[in-house]
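So that you can tell them apart, the chains are marked A, B and C in the order they are listed, and the count of residues begins at 1 in each.
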Amino acid sequence: MISLLQRFEQQTLAESGQKLHQFAAELYPICRSITGDGIRRTLAMIGDRIPLQISEVATGTAVFDWTVPKEWNIRDAYIKDSAGRRVVDFRENNLHVLNYSTPIHATLSLSKLKEHLFTLPEHPDRIPYRTSYYSPKWGFCLTHKQMLALDEDGYEVCIDTTVEDGYLTYGESYLPGQSSEEVLFSVHSCHPSLANDNLSGLTVATSLARLLADIDRRYSYRFLFIPGTIGAITWLAQNTEASKRVRHGLVLTCVGDAGGFHYKRSRRGDAEIDRAAAHVLRHCEEPAEVLDFSPYGYDERQYCSPGFNLPVGCLMRSVWGTFSEYHTSADNLDFIQPDSLAKSLRACVAIVNVLEDNRRYVNQSPYCEPQLGKRNLYRTTGGDSIGTEINARLWVLNLSDGGHSLLDIAERSNIPFFIISEAARILCEAGLLSPSLND
Amino acid sequence: MISLLQRFEQQTLAESGQKLHQFAAELYPICRSITGDGIRRTLAMIGDRIPLQISEVATGTAVFDWTVPKEWNIRDAYIKDSAGRRVVDFRENNLHVLNYSTPIHATLSLSKLKEHLFTLPEHPDRIPYRTSYYSPKWGFCLTHKQMLALDEDGYEVCIDTTVEDGYLTYGESYLPGQSSEEVLFSVHSCHPSLANDNLSGLTVATSLARLLADIDRRYSYRFLFIPGTIGAITWLAQNTEASKRVRHGLVLTCVGDAGGFHYKRSRRGDAEIDRAAAHVLRHCEEPAEVLDFSPYGYDERQYCSPGFNLPVGCLMRSVWGTFSEYHTSADNLDFIQPDSLAKSLRACVAIVNVLEDNRRYVNQSPYCEPQLGKRNLYRTTGGDSIGTEINARLWVLNLSDGGHSLLDIAERSNIPFFIISEAARILCEAGLLSPSLND
Amino acid sequence: MISLLQRFEQQTLAESGQKLHQFAAELYPICRSITGDGIRRTLAMIGDRIPLQISEVATGTAVFDWTVPKEWNIRDAYIKDSAGRRVVDFRENNLHVLNYSTPIHATLSLSKLKEHLFTLPEHPDRIPYRTSYYSPKWGFCLTHKQMLALDEDGYEVCIDTTVEDGYLTYGESYLPGQSSEEVLFSVHSCHPSLANDNLSGLTVATSLARLLADIDRRYSYRFLFIPGTIGAITWLAQNTEASKRVRHGLVLTCVGDAGGFHYKRSRRGDAEIDRAAAHVLRHCEEPAEVLDFSPYGYDERQYCSPGFNLPVGCLMRSVWGTFSEYHTSADNLDFIQPDSLAKSLRACVAIVNVLEDNRRYVNQSPYCEPQLGKRNLYRTTGGDSIGTEINARLWVLNLSDGGHSLLDIAERSNIPFFIISEAARILCEAGLLSPSLND
């Protein structure tokens, strides 16, 4: 059986990064929202790469404390000056429209118009990204420079949208494994032309699902491509039973920028996914920080609500809200790096490897050290130092009392999990180790 | 119902500080000791401000391993030189007499006299404070300069004291609450003209009791104004049953100087009072340090003896024994600051607020986040950041599973308790939260 | 009863250091190995100082996963050039022979010879120490300078060894105490002319056993002088029942150099020996570091294998493998210092004192503080500070609730154990403390 890590390493990091970035570039122009054709088109493109089951949930469906909203679609939007020139044009950048804007077609004075404009004075060249899903409003987002250039005039504003009964759409890719216990990967897919948040997550998750499709899997895997908040709530409301099978989970967001990794722990704080992610990041040779859980953030908010309390963490590079490009037009295709995307995928692969291989073993020769030398598992000339491989064997033998998992051993020894795991494989072959029956 | 914090904030810090300092100034001249008329007069002045029950315990009464001592009273004391001048005069400063000095009237040579003199060579302008409660002695305390100025001469020494069968006197102010469980505030009231140690505690405790008198109280409150050591032992010996109702307790001492706060944990180390005090000090915007329990100190020594092991900590500014003015005439009314006294009172108020409001709640909508927006409890335009108030609501909802108290939530979120508590109030009003029935 | 510390202090540190170094000097020239006459002679010299029981275990005996090897003995070894000069000579330094070398007598070209030479290019003046116990080989160890000086020539190589059926030899000194529970001291005795590793351990252990012989002992003590790895395995295989009586244990190695102390915790990590050693080192006034357990090292590897999991730590000064003299001819008698040896012995004495005196007591006057003053156990004039002795009494009284041991109290108070222990003795005499019946 070929391992996930080997599958990943069959292509170079550079190749992998290029593919990820290219897919992001294809997805970038689409005007997505939490409902509507933008998300449908996005899911179709993901479905070209991995098996994807699409769900459509009707407007008005009650999902816990929420209700599936009307479906939003947009054809065009602009502000024209009295000379008929489009001074703000949706066709140039879909961030120009307040996402979920109600339709309007009217002529307004500059001062009336300004009540519906959003800008970023501190970043005068960037268009902000703003939404109003649940309170009906119309508005435009534009650069502060654009707004300053508007003279007193009568402006024709047109937002050609519909907000009508329809559906909320999401996709899921399910890969069955030996166990019905699931590993959940969840990415939001509702953001329009924003690259790090969250095309990066969409592309990395899609590639990870492709890699996983071809290996023997201990766990079953579920990839959710859903609109933020309402999508996770809808899935949890309609799949409450399935959610109980989630043994480990990860929300992916902002995994494409040049910053170091951040892993936000699950509400539980010490779940296996928390320890696996922290371990992988500690050994990933990039700057990495582990953050405590907090209830604000992405869809871990829903998975970690007290009624569910699922072991779901969140992997990021730069943390949303902390970089100035966040939720602006500067979060574009230049802001995400092929190399960063590829290394984020590699980190996911390494985390999955830990989850798949993390088992308990029992030392079959627990009284004193077994004689590794006679099995050619030790150095031959005494007096010299031993290397990490042999040291890993000693750690695995010493702690494999049925109570310690390989991840426990990797943590306590501060040796990368994949070396500990390889030591366990070799010791099993030598008959010195057996899987614990209670695992 | 008006909260304690609101009551406190009805007057300015400056006003409050002036009142506290003025009361300290009134108490300052009295020559107190662990028994006698000095403490009686002190308690009478406290009794003018708050309801106070006075107890008199007869000399010879056995209190655990101790015995209530004879009562000490003093009228005058001096050292006169052969010219009849008072070179040391009790009327100038009551620290001049070794506290609990036996009576004497005799004429002595300088060398004989010196066997009974206490000075501070390293602080030649200060009179030390010394006591000899349990081993009968006579003596004078004076500045080192005064002693150096004494020539060979015959000195008339007079200490006009009585040490006779009488009573040990203490006062207590009891404020009943909804629960018979008590919050204990204990301050020693046996020190003569010393301001930080412990007129500061007497005045802050008196003001706190006044504030508490006018609010609805969850807990019952007991304020003890007692002589140090023997007073606490006497109260515990005679109120062993009542002591079992002490759910939280605080010894107040040295709370008037300009130094930052110190909170000394109870013997338990993780009692609710320990966590409440640490939380309040972390957010008080003054320097503050939390110290581990140790068995030496003030009356927490008795409350935290192993047979009682009560959850009683000790709030100080500068720690007794660590500042050079401690137990000298330099611990005078200039050494305590109105502003420091007022902020110490405010810290006590904030600690009481935590204790009063620290309950467990249960999220009534625990599956995913409830939709705060439709209840006007969220921001309206998406994409922007949220503030501390909304964040506090998310924390309270996320952790209110019946297992976490509001203080748990305040600690984990690092949000001040009063904001967490306000969030809980608002969420209760919105029907999203209910008090836990098991609290 | 005279205490161990008093016994130790009857001689000065300087005297003690000189004796330890002198014994090391006597042992230094012997060519030891894991079997054979070198170790027999070494044990005989130890047996001249302390009662020692010698065990001989026959070649071929199965000991867990291992087999007692053939016995190795050496008479001579050299490399002669064609002029007949000994260019490498075992008689000059017994490290010159690969330890456990098979016999050979042949003439070889330089290039063939080089396949059997070990040098240290980075330390060209030092002879390395190398062994080949379990894979039959012959070889010489020499300085890199010596090797560079070898011209093309025909070399006569002679290693006059025997590797034959015989015995593995070890010694043990058992000192019975009030309890059959044992304290184990284990030192390896298989290294040839190497001083810090491990003549330092042999001499310190021998002196410690002498000191212990003359005191009343709570525990029984067992000192093992054994060949590394195979010796510990053999002892454990043949004394599995006795090993269950080991309540505390310490491996001593590299305790003679000028470096600060290192204590490596047992596999359990929080055993009493771990806490006792850490406490003694914290108060020893030398640099000291406590290291977590790891499965590579000296014979703690065997005692801490998962089938035994004995509470055995390892006391060192410089950690083996981390100093450049390690396993080279530079680990000679100059490398170990009389003062370091004596202070290592003193640290062992202090650790044993903690183990012997660490009990639980019960405060007989647990309600409030007992009145120490009336028992002359307190200062007499109040208002001044108290010293460490009185503070220790307060700590012992406060925490002696039957749940805290004296070591718990010493740790929490950060007062040296011997002061805490003395406070307990005084309080017992005063009737204020009694040993816990459950201890």
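In the analysis below, a residue touches a chain if its C-beta (ideal position, glycine included) is under 8 Å from a C-beta of that chain, and two chains touch if they have at least 3 such contacts.
Note that the structure is a prediction, hence the values are computed from the model and not measured.
Enquirer: Rounded to a multiple of 5, how large is the rotation, in degrees, that superposes the C-alpha trace of chain A on chain B?
Expert: 120
Enquirer: Over half shared numbers or under half: where do the identical copies chain A and chain C land at their interface, same or different?
Expert: Different, since most residue numbers here occur in only one copy.
Enquirer: Express in whole angstrom the distance between the two chain centres, defined as the mean CA positions of chain A and chain C.
Expert: Chain centres of chain A and chain C, defined by C-alpha means, are spaced 53 Å apart.
Enquirer: Going by the contact rule already set, what residues in chain B reach two or more other chains?
Expert: As it turns out, chain B has no residue touching two or more other chains.
Enquirer: Give the list of chain C residues in touch with chain A in this complex.
Expert: 63-66, 98-99, 118, 128-135, 137, 229, 232-233, 236-237, 240, 267, 292, 294-296, 301-302, 304-309, 321, 327
Enquirer: Sort out for me which residues of chain C touch chain B in the complex.
Expert: Answer in residue numbers: 363, 365-371, 373-374, 380-386, 391, 394-395, 397-401, 412-413.
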